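Should a chain be cited, it is by its letter among A, B and C, assigned in written order, with residues numbered from 1 in that chain.
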Amino acid sequence: MIKLVTEEEIEQVAKFMKIDVHDHKEYVEKVHDMIDFFDILDSAGVEDEEVTMTDLPLSKLREDKHIPFEDKLIEKLKNYKEHYVRAPKMV
Amino acid sequence: MNLKISALEYVEQVKNGNISAEDFVSATIDRIKNVDDKLHAFLQVNSKAVEQAAQVDKKVKSGEKVGSCFGMPISIKDNICIKHSKTTCASKMLENFVAPYDATVISKLKEQDAVFIGKANLDEFAMGLTTEFSAYGPSRNPWNTDYVPGGSSGGSAVSVSAFECVASLGSDTGGSVRNPASFCSTVGYKPTYGLISRYGLISYANSIEQIGPITRTVKDTAFMLNILSGLDSHDNTTIDNENVDYLSGIEAGIEGKKIGIIQEMIGEGIDHTVLSATNDAVSKLEGLGAICEPISIDMVKYSVASYYTITATEAGSNLARYDNLRYGYDFPVEGFEFNSYISKARTKFGPEVIRRMILGGFVPSSGHAGKYFLKSLKVKSKLTREVTEAFKKYDFLVAPTVPILPFKIGEKIDDPVALFQVDINTVMSNLTGVPSISVPYAISNGLPIGIQLLAKQNDDKSLLQAAHALETTVNLPEVPI
Amino acid sequence: MTKIGLEIHCQLTKLESKLFCSCKANYRENKPNSNVCPICMGLPGTLPRLNKKAVEKATLIAMALNCSTPEKIAFFRKNYFYPDLPKNFQITQLNIYGDTSVGGTGEIMVGDKKIRITRIQLEEDPGRLIYEGSSSKNQITLVDYNRAGTPLVEIVTEPDFENPKQVREFLKILSDLLENLNVSDPSLEGAMRADANVSIEGGNKVEIKNINSFHDLEKAVHFEITRQESLYSRDIPIALETRHWDDQRKITISSRSKEEDLDYRYFLEGDIPWVRIGKDIQEKLKSEMPESIMSKKERYVTKYNIPEQVADVLSSDKYYSDLFDKSNDEQNAKEIANIITTDLMGLVDTREKREQSKLTSSHLRDLADSIQSEKLTRNSAKNALYEIVKSGKDLSEIISQLDLGNVSDENELLQIIQQVLSEEPQAAEEAKSNPQTINFLVGKVMQKTKGKADPKLTLELFKKKLG
């Protein structure tokens, strides 16, 4: 069977999803099998189907009111001098 | 102290003063100490549980108003947030995450004086159906500890089945409540999408998942639903159930009801003992006055592929926030560039989560969305239409909850596609939003089999009536642990 | 032909709360990370709670820009990793399953040029980054999430602008319109930001990101056209690329990072059902919409007979038009328009000055009435206005305090006239035959009375005197 999805592609996706994958082979093979399994979708014959979702009336949405959070949230998170969140440098 | 009582019995006994909440909870803690080394249902046990139960007893004695749970010990799947307590999702990534707020279901249970006995084990981020993918080790099936308890709410089902609590909350994305309920011989409920608020449930695939109770009896599920259900302003997807009482009239029976037997769920690959249990259940339903007929739902064939595509896509996005910047574990940012830092930080995810992240990056990507993701959404739409049609003709649908018996720990862990197939009977109700329930039905070679009933959207009350009717026909042995 | 398209991000600064939680929409002047909650911090288990008013205000903007407004709107996730995004995706809008953003296509006239609008979408603003550390080893980024989740409306246009002047005119119309709708205060720092795409004849399209004010947007577009034209004239190809606006140096710089995998994997946000904004609700919104600038202008011209240029100035600034509409009673409309557009404008030309000003509409009415009843000269009125803006005191109090009342006592005036005539004998002689010179003499009287002499009476007395 011709593999429609290349290993390079899967490695690329892992990088894109920001996960360092060491043992590529382990993941590549299993993910491959999973993706191959999805090929069954091609025979579902759903091309003309519409994508739908539930809806709700505007009136049900939250009123525009300022209610401060009860706690000092930042103190409960990783923080720098109780003010900032630290991130690595950006290139 | 007899721990082997239902939630309704517990409430009755504490109310009447026959037992105290403190004694019951304390005995439950002892039970956990005795059996949980073997079962590993819990990731964390509440050290203040007995104290909290004693507080409830005080209220009972003083005649103060007491919530309807009367200090009942309930276990909570560890992907539901309890304020000031650790919520790990059974992941190393959230090893130290302490939730700064209560999930809506937790607030509701607190109001009713429930005691949270502990946080239950699960597959990491609820991705799996065996609880083997927990970063803290698998849970074991109390019916046979060599076997998986099902998943992802494995810890929840085990804890109810092995009398380590009276009831539990799990979450069901594609069967994660019903599957372990079936494997552990408990009742497992997946409500109509939107019936129970998801606020505080850590998302895996938010468009289809629901929190659901795991209990000993169908009536207990109705009792829990009375507490948990209803509109919540914190969750825009909740629906108004007009405060239906799910317990009242639960004994209405199913005489004259029409039930469709889903052919795609008892076909190829089904275990013969599961099939015969199903046939037996159908004849019992007929004996109760229901009319049962075979029905075909064509899209079921494609539902698992559609389900995994949609869940991987949503998971890829839902789990993107775990970059270890705002919370997480200790790993300094100095000397790293942003991309390399978070790519390294995220290697704390376990292998199954990583596989699904990769899938979730792939199937909705611009080159592949048309072939995989969009098609899956369309399968979901068509399946929903087919199920809606089916419910025009039938009041309920029936199928085994899982087409096979519980299997051994380690047996399928290396074959993700084989695991996919185990979900075929449960994902339909998630993809279409309809309610479904797994009722313990038989024991084959010492392993449980559950029967699944489904109803149309918002028909949760009738579904519980039908499930209760089926339950009355069953007499099962006690769990051997 | 030069083609310019814009993507304008405008914060809905007049809202109380953020788009998906109840933290303050106005994050300014807060300590870092003090205006945050589990939702806008993207903590596990939280869900967005859509702000109704944000949807209404965004819909109003779409209506005011003549865009189509769908009956159902949907939200999507735009997935990418960045430290200012707490969830590592942004909730925004798109039109991939039909028109489901708050505004669809529309058009607006800029002078006699028609500008097409592609769509208008409602989305959340990210947090803010601060870069720390000097050497590459100790460099880190500090993040403040106070801004994260602020409601943002993005207005996307077709590449219909041909020059920076049209861009400037469009931005003027847009900021006036936003202010008039009372949805946003364009003068707040960071409230209006933009991206632009620019291409000249024969060149590739260049995206410019990171333009942090309307003022710089015009500059950036101008800079980019000049840069591209200069390349073109030297036969250097114009690369298809993304550039960033450097607001220190006021130039565009090629983005170092290749916009690598810019695959946002958009998909529907399942946590927010589609929101129905039926025709009935749309009609209601429309009926509550403030009068448009165009219609105000027309009203001023036809109803009050105010010159077009003056009406233009009055109507396009909500502060002025509100003052005008509140103070005028038709009789004094022209006088009030005159006071606002000649004397007041210099006194309240910035946001700060407007906030500090003590002027009310009744002050304006009193001023106009005093001028019309000749109790005050225009000149004195101007001095009084200055005092009112500063102190907010009543006009009568200011008149007596500063002794601004008209000198209209005939005897007193005659004395001063006599004095002027004796000081200016030559002019006095000339004035008998030349009316222009009388004006000169009246001016002299004004000087002596510090502008308080009743000009009409003074003229009459001169005429009598000179016979």
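We adopt the following convention: contacts are C-beta pairs under 8 Å (C-beta built on N, C-alpha and C of every residue); 3 or more make two chains touch, one makes a residue touch a chain.
These numbers were taken from a predicted model, which means no experiment stands behind them.
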Q.
Closest chain to the protein's overall Cα mean, using per-chain Cα means, please.
A. A
**Q.** Which of B-C and A-B has more C-beta pairs touching across its chains
**A.** A-B
Q | Between chain C and chain A, distance of the C-alpha-averaged centres to the nearest whole Å | A | 39
(Q) Measuring centre to centre with CA averages, how many angstrom lie between chain B and chain C? (A) 54
**Q.** Between chain A and chain B, centroid-to-centroid distance (C-alpha), Å
**A.** 23
Q: Would you please write down the residue numbers of chain B that are in contact with two or more other chains?
A: 100, 233, 236-237, 316, 320, 323, 325-327, 333-334, 338-339, 342, 361, 365
Q | In chain A, residues with contacts to at least two other chains | A | 16, 18, 51, 54, 56, 61-62, 73, 77, 85-91
Q.
If a residue has to touch 2 or more other chains to count, which residues of chain C qualify?
A. 38, 41, 49-50, 81, 83, 140-141, 143, 263, 268, 270, 273
**Q.** For the chain B and chain A complex, residues of the former touching the latter
**A.** 98, 100, 194, 233, 236-237, 299, 301-302, 305-306, 308-309, 316, 320, 323, 325-328, 333-334, 336-344, 346-347, 349, 351, 354-355, 357-363, 365, 371-372, 374-379, 381-382, 384, 416-417, 420
**Q.** Residue ranges of chain A in contact with chain C within the complex
**A.** 12, 16, 18, 51, 53-59, 61-69, 72-74, 77, 79-80, 83-91
Q.
Quick check: in the complex, which residue numbers of chain B touch chain C?
A. 79-81, 87, 89, 94, 97, 99-101, 103, 198-203, 206-208, 233-237, 313-314, 316-317, 320-321, 323, 325-327, 333-335, 338-339, 342, 361, 364-366, 369, 373
**Q.** Complex contacts: residues of chain C adjacent to chain B
**A.** 38, 41-50, 77, 79, 81-83, 86-89, 137-138, 140-141, 143, 263, 265, 267-268, 270-273
(Q) Touching residues of chain A toward chain B in the complex: what are they? (A) 5, 9-10, 13-22, 26-27, 30-31, 33-35, 37-38, 40-44, 46-47, 49-52, 54, 56, 60-62, 71, 73, 76-78, 85-91
